[in-house]
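One structure is given below, represented as structure tokens, and several questions about it will come after.
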Amino acid sequence: MVFVNLYRESGKFRLGAVITLILIVIGVLRTPLLNLAVGDTDPMAVGSFGIFLDPTRDHLLGTDRFGRDVLGLVLIALPVSLTVAFLAGALSTVLGVVVGFVSGYKGGRVDSVLRTLTDMFIVIPTLPLIIILAANTRNLSSLKLALVLAAFSWPFAARVIRSQVLSLRERPYVELSKMTNLSDREIIVGDILPNMAPYVAIGFAQASVGSAFALVGLTVIGLGPSSQMDLGRMISEALGYGVISLGKELIFVVPVALLILLFLGLALISQGMEEFFNPRLRSQA
Amino acid sequence: MSESTRPAVPLLELRDATTIFGSGAQETVANDHVSLAMAEAPPRLLSIVGESGSGKTTAARTLLGLQKPTGGQALWRGKDIYALPKRDMHAFRSEIQAVFQDPYGIFNPFYKINRVFDLTIKKFNLASSRQDREGLIEDALRVVNLRPPDVLGRYPHQLSGGERQRVMLARAYLMKPKLIVADEAISMLDVAVRAVIMNILLDFKEQAGMSTVFITHDLSAAHYLGGDIMVMRRGQVVETGTVDRVLQAPEHPYTRLLLDSIPSPDPDERWQDDVAAIARLEEEAGVAERDVVTTA
Amino acid sequence: MAITGKDETMTDTSTASPKPATQPAPARPTAPTGAPLLEIQDLAIHFRSARGVARVVDGTTLTIHQNEIVGVAGESGSGKTTLVEAILQIIRFPNRETHGSVMFTPRSGPKIDLMKTNERQMRRLRLNEIAYVPQGSMNSLNPVARVGDQIVDGMVDHGLGKREARDRVPGILERVGLEQRVAKLYPHELSGGMKQRVIIAIAISMNPSLIIADEPTTALDVNVQRKILATLSKLRDDLNVAIMIVSHDLPVHAQLVDRIAVMYAGQIVEAGDIRSTVKLPLHPYARGLMNAIPSIGKPRERLEGIKGATPSPLSWPPGCRFHNRCPHVMDVCQTTPPILAAAEPGDRDTGDGIVLVQPGREVACHLYLESTPKEARPQ
């Protein structure tokens, strides 16, 4: 209901949602699309086609140095990037919501401990640490990577959620629920949680953007999961083989464009929601 | 009111209730030995009047069990409100209800209006069947002059401030409480609907035997309601009595200042005094602004 | 007595409080004498959103003359704040349509239509010519800057040299009744009323010809409100400034303004000099508002207020926008919108009895309009 209004009123959210949705649909339909693009051929298999072919009807985006179909590569790389971004985003949001909620509602000692912990994680220089971790981990899977990324991005969500809980706790309707003899649990579940939904959604979108960024950062410098192709690794390889100087820009441009679309989509969603839900930014009627 | 008609133990009572917020240099005494008593019968209207910072809202919250006093006592039927066992708490809440200031914030925007009725009925076991429940809600809405289809099934933002405040009164009425604490219940409403809310409280008293503690900064509202009045200034009670006596012959300079400062709706009764003259009156009443105005 | 309280000053004397020193509003001529300063002509502000078109201000005509205090009265949803924001060109809603004009006559230079100014021109006008005191602005003072510096900043922003601006501060503080040392204080050291006077000080710092104040006394204690009213009234005489006061509070208007315009549902429904309008409101809405105010002097009688609620700007009722709340609704009201015009003088049936309508009253109600066919009105 709230989100229907959001969709109707915020152009930014609408655009972001459409972009993100298209990317997700491409990711979900990866098998049939792969079939259309390369048939039964393993898209990762080296030497399936000629090298550095220009785009043709058979190879819409051409082929790369190893004779792999670029469209096929993109189709397997995009879902990997999306999965890691959303998985890390979801994990970090869940962790952040739990910590923020407990901290904000309980208050007192629990709050002090959790806040200190949150602040400690926030001041850790995340990217260098992830680089070191990634460089020293064997068999880094996308799940593990998502876990690592989430471990360092939850504190931001926790902070936002905590301050929201603190403010929601003081709302007059919570007072009314107390006058109606509702228990703490009923107030949390009935009064506070539903009103947190926008903030949780914003947190999720932001955490996903952050994770996608971190993932690209890692894979572009060659520290991503070695067994998998993702958009960052495509960029890294394209740069490594100097495709631009060879006049084969597509191999580089396509993954970059997809990444930009992903960032743009998620950023628009998060901005649209913030403007819609934040009364200070929201223009009044 | 004669002494003989009053039962020994008042329904609701503050005894030297003192509430201090903060400590050290930040310390604010919100309530300073405030005492009042509301008997169960006969029903009665008491207006607590004061300006911002007078402590009237703190007194109201203390009465409602929402703000534990740092000193003195808040008693319901002689028992400490802040140490009630669960069963007594239930009875206390069903006898003492509230209408708050902000008719917008009081509704959780996530839910339809029905929720405030449904929760109240469920939590206080007011109805055993669906029909009972609907009947109760319709009755309560009728008392506050709302038509069920105009309210039920709608979201709070679809109602005006006056309608929402009437929904709050209907909710309180469901429980047939002995006493309603109305904390600035009309201050955020349009002038045209304020009388409607006050009329409902008057009807509650006449027809349903409910008392009201009416918290307001508006002496004319207190006048309209009649009954008794208690004037507060900076946490202390400075004058009490019947509304008619206090407004006709105020004894405390602060009450006089408040009374004199109500703007008359008649342009032929315009104040002629300048800022300095008003400042002198404020000083006399003990509410001079922190930095006294002397020029002008 | 059931109520007891700590009371150090209660005495036995039952001396009645001396009646406050009041007297009739100065007998200003019913018709304004100054030259027109601000002429709002058929102004309409419509907001477009996914839910439809909100006609928040819809055909408003009002003139403010030099050195005149005009009150705009109205409840929430009447469009009064949007009207003010339109004059000042500070509406933030992006999807809006504007019709009509707001002609302003600066002290020097030709008349300009504020609806057609660009941001640069508007910036020059603000504070220099038109000063604005927004609702609740006393809480918008910069908490980490001294009051004096904040007054200086406003003037420097508008092209005054820092030294000259500093030199003006003492005079400005005196005008609004603040002690000189207030300049050295921070906002948190001031009471609400003093902060409001600092805001007014900033407003008058560049000697504007018009001050627009939105609910300047709302949320202030009554004695503080009284001081703000005294301050504003004195400013008009001292500075030869015109003041437009927007307030929902009719007694505030009765205490301060020369003329009043009552807004309902985006339109002005009645306008006239304060005395005749308050003593004999013609429009049933204005009458309802007057009758909804409890008054301490009068005997206690049950007030009914106005039934119903202000309609939504997304769908004003057809015909007269007040017709579904009006106790005197006629057939014509449901179909034909009444246009604000001079009320037909003479004996008129107001619905509550016959009254003598004096010339010079403006009202948007079929009960009084010459343009309304005679047979449509009560006989």
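The first chain written gets the first letter, and so on, giving A, B and C; residue counts start at 1 in each chain.
The criterion applied here is as follows: a contact is a pair of C-beta atoms (placed from the backbone, for glycine too) under 8 Å apart; a residue touches a chain by one contact, two chains touch by 3 or more.
Keep in mind that this is a model prediction, so the values were computed, not measured.
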Common contacts of subunit B and subunit C, by label, are A
By Cα centroid distance, the chain farthest from subunit C is A
Check: interface with higher C-beta contact count, A-C vs A-B, is A-B
Here the gap between subunit B and subunit C, centre to centre from mean Cα coordinates and rounded to Å, is 30
In whole angstrom, the CA-centroid distance of subunit A from subunit B equals 50
Residue set of subunit C touching subunit A in the complex reads 47, 49-50, 54, 56, 92-94
Note: in the complex, subunit A contacts subunit B through residues 2, 171-173, 175-182, 190-191, 194-195
Residue set of subunit B touching subunit C in the complex reads 1, 6, 10, 16, 32-39, 44, 46, 51-52, 160-163, 190-196, 198-199, 217, 219-221, 223-224, 226, 228, 230, 236-241, 247-253, 256-276, 278-279, 281-282, 285, 287, 289-296
In the complex, the residues of subunit A that touch subunit C are 5, 8-9, 283-285
Within the complex, subunit A is touched by subunit B residues 64, 66, 89-90, 93, 97-98, 100-102, 105-111, 116, 119-120, 123-124
